[in-house]
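Heads up, there are several structures right after this.
Consider the two complexes below, in which chain A is the common component and chain B and chain C are the respective partners.
Up next, the complex of A and B:
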């Protein structure tokens, strides 16, 4: 029974981690942007979803939809207000662009956190479950909502995988991640490709934020921890590798769950960080990263 | 050095000294005359509802005191500082309040770790300081152990061991006899205030007939409580007694979502917030927690008028810290009036004589011999605290039974021993 409990809980939490990290790694792989405002964008989706639900009595699915849209809007604002001016700047040397983008997203993330703190207070809130009720899986009580979360996460991850591997746009994204200069020489407009990535990213971050809001809840103060969690998973999996991020999400999710059940809930984050240090020491490029 | 330059340097230095002396002569009589307002600094986290209620309660008290003539004919002025619940920010704010803004007293924080960071500074700068909600027993222990140094620190709410006693007293009356609850598990966040709280629980719960079957402490950053609930459930407790303040929404929502079959009761500071029902989308239904008061309950003749004033001014019912901050400012003002002085040592003497009808009970502070020196007195005739249960969006008062007439109701997924026996 304990084994089954760990299996189910670990699977749900890992799926959520995976979804949160896939957009993050896609962004780095194609656009070269390590978005340190990632947690803030997820929290915006959850808080706006919660807010429309309690203010206007919108249904859980309606609130979730509004939350996802809010995540996309936050993603576009991040791109157009924070990132694009740096990418288009003639003053910033090309070689230093990445560090400028990194710093800008860090500062933007702090601004988002402080702004959300001010508007919504730092009280954590939870969105209503998308479906109510509890399932009994061989004696393990699991809310249907958590099973739905795992399913939706994998649906979203599957859709992204299909988009990247089976569509024309996906091939352009892959090409942009391998050789952006070559793509430009072939006549492709990189700003259009970046816009597609920010759209997909906003959608994924929005869905992850909303699902997080219905499961674990969200507050402005979570932003930093969510970014750190995605960052840890992406580094462990290998920067820019979507399959690597998914494997890393499951390594982290299960390491945390096993520790919480078998050792002590207080020590939950420790093993994942130890694994990260060991992997970076033995394989600096991460599990599936390219050198 | 040229002779002319040396002369100019000497003349300049003399001029500066004269100007400084002049400024001092001008400034000193003005201050000595004490015509300006008496400033009280309020340090709390403005983005937290509990913290915001502290500054709002203090402002309200100042307005009421000023409307009745102020203190020694002078107005009270509240200066607020946002510490973002950071000990470093709070200490900086405390220093600024004392050294730049020249406050005469400080009301600070609901977080024990922050209060403990401020306490040495209150001692060093001789600044009467009242914490309206921090509950670590170390705060009063330091006053007890080193009175001469730490006597400037007061607590207008109960320290953790007394909070534990209140939980045991209420559990005995509400749960043990009527509901046949026999076993409990303790679930507390890992923080300064919960160490003495858990020790208090473990000591007093068995005395009221509740066997402790497990005790889990968890990181306050925890967001997934599933493993904790599953681990606790394996021990089959009839009730889980909580000691949580940094978390609240997540454990409550997951308790309801997962249909965890035991009631949650004890101290859940976030559940005292009037917004908690909305924050949890109603998952709070059935949660029992200790609090200051609930809307409509007259613990003293002052409770409802102050609550109504608060609602009129700020548009919502205060968190319990709104009341304790209100009482803190009133106690400070009364101490200054009593001693006809704003001298810190005199204020301390005045505060020690406090025996006033506050908003949450009769407020007085324990003396030097008590292990809780300068903490608020606990008891039927002093501050007893109340216990409320969330029922269909309302905070219903269930204890003390002489003033609270609400009956406990639990969600359907809760399995009580009495119901099982049926």
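Up next, the complex of A and C:
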């Protein structure tokens, strides 16, 4: 009974983590950007979705759509205001670009967090469930919404996998992650590819944020922890590896759920941190990372 | 040559001005500046790792926290302040060496994450062992440096000037050059015959030593060590902003940045919650348009125009 409960809850949480991390890892793989404002973008999607549904009484699905759009807009703003100026700057040496991107997105993430805190206050808000009702799985009562979340997460992850592996655009993204200069020489515009990645990223972060909003709720203060968990998962799985991120998402999701149920809810974040340190010492490139 | 003389003149003026400040400044601003000076030391020791050794250390507060809590715990056990400071610094150096181990194997973002995790673990430990550490409320220490704002100010100012002189000297010595070479191209530095491991360990120990000492001093200035003042990630962010604003790879820029940042934070207090927003926005703009920082621009104005 408890076992089944852990199995179901862990599965849903891990699916959400996986969705958040896939966008993050895609962004690093293709653009080389580690976006430390990731959690902020997820929280924006959830808060805007909640706000339109409360203010204008939009239906749950409509609110979710608006939330995802808000996530995309936030992603574009991040690209055009923060990342592109750094990539185009002539003053910043290439070798130090990574450090600048990390510092700049960190600051941008703080601005988002404080800004959201100011506008929406830091009370956690929960969006309305996308579908009502509770399912009874062998004695464990689980809201249908939770099951829908897991299904939607996997649908979105599947769609991204198809996009990357089966389409022409996906081939360009893969090529860009392997050798951007070669792609430029073949006549492809890198800025167009970056724009595609930021679109997909915004979509994924937006969906993850909205789904999180209907499940655990979201608040401005969450954004740091959300970024940290995505970062942890992506590093654990290996930077740039989508399957690695998914495996890592499940490792972290289940480690947290098991600790919360069987040991003590306050110790929830600790096992993931310890696993991470051990993996980094033994295998610095992560579970499935390439060097 | 002329720029050198100008820089020296400015430095002497700043020292005289800083040393004489208690003669006309009120207790309130002396307090703000005292904290800012300790932050200056945090920032300078962070710059030694970041600017020179090229290590993205997101966890300066891990070292500071070890120094502060180490000193505080020893003081609670009845040790006198100077011994506590040394004990705290020793704890910080041990922490620094623990951080240096992954740094020898991991690069860039991977190492950054380990340092971040170190801070999160320290935070969790402090909360879990709340019985000894006071948890989220903080730990009162029995002794304080002084109750006079002037004396405290001079302690902090003297400490910052001495630390700054030592760190600046180190950065200009062969150690600084080798660290810089290692940060830029580790393999080539190794091929040139430099012992990379030894220099990295030295950089981490020195950075940890000053962070820990400053953390301990701050604890005895405030009379408490608390998570919010010495361990929280927002402190780490402020240190990073201070260094980038003041100018990376200049050491003294970190102190300048810290003083400007803390004063700005104080002056913008009427904005309420939004002051963090404004400070972050200004720092972001500085990164985008003035990546060398204020002091970097003064020292190498030509590089920016390339």
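FYI, the second predicted complex is superposed on the first by the 291 of 291 C-alpha atoms of A that agree within 3 Å, B and C clash if a C-alpha of one lies under 4 Å from a C-alpha of the other, contacts with A are read in each partner's own complex, and residues count from 1 in each chain.
Methods note: a residue touches a chain if its C-beta (ideal position, glycine included) is under 8 Å from a C-beta of that chain, and two chains touch if they have at least 3 such contacts.
Treat the numbers as computed from the prediction; the structure is a model and nothing was measured.
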item	value
Which superposed partner A:5 touches (first chain B, second chain C, both, neither)	first
Touched partner set for A:129, first chain B, second chain C, both or neither	first
Which of chain B and chain C A:118 touches, first, second, both or neither	both
First (chain B), second (chain C), both or neither touched by A:182	neither
Which superposed partner A:158 touches (first chain B, second chain C, both, neither)	neither
Partner chain in contact with A:91 - chain B first, chain C second, else both or neither	second
First (chain B), second (chain C), both or neither touched by A:222	first
First, second, both or neither for A:239, with chain B first and chain C second	second
Partner chain in contact with A:281 - chain B first, chain C second, else both or neither	second
Touching both chain C and chain B, counted on chain A across the two superposed complexes	117-118, 266, 269
Chain A partner contacts - residues on chain C that touch it in the complex	50, 56, 102, 105-106, 108-110, 112-114, 116-117, 120-121, 124, 127, 184, 233, 237, 240-241, 244, 273-274, 276-277, 280-281, 283-284, 287-288, 291-292, 303-304, 306
Residues of chain B touching chain A in the complex	45, 47-49, 52, 190, 216-219, 221-224, 226-228, 230-231, 247-250, 253-254, 257-259, 270, 273, 275, 278-281, 283, 413
Touch list for chain A against partner chain B, complex	5, 9, 13, 50, 53-54, 117-118, 121-129, 134, 141-143, 145-146, 216-217, 219-220, 222, 225, 257, 260-261, 265-266, 268-269
Chain C contact footprint on chain A (complex, rising order)	34, 82, 85-86, 89-92, 95, 98-100, 102-104, 106-108, 110-111, 114-115, 117-118, 224, 228, 231-232, 235, 239, 266-267, 269-270, 273, 276-277, 280-281, 284
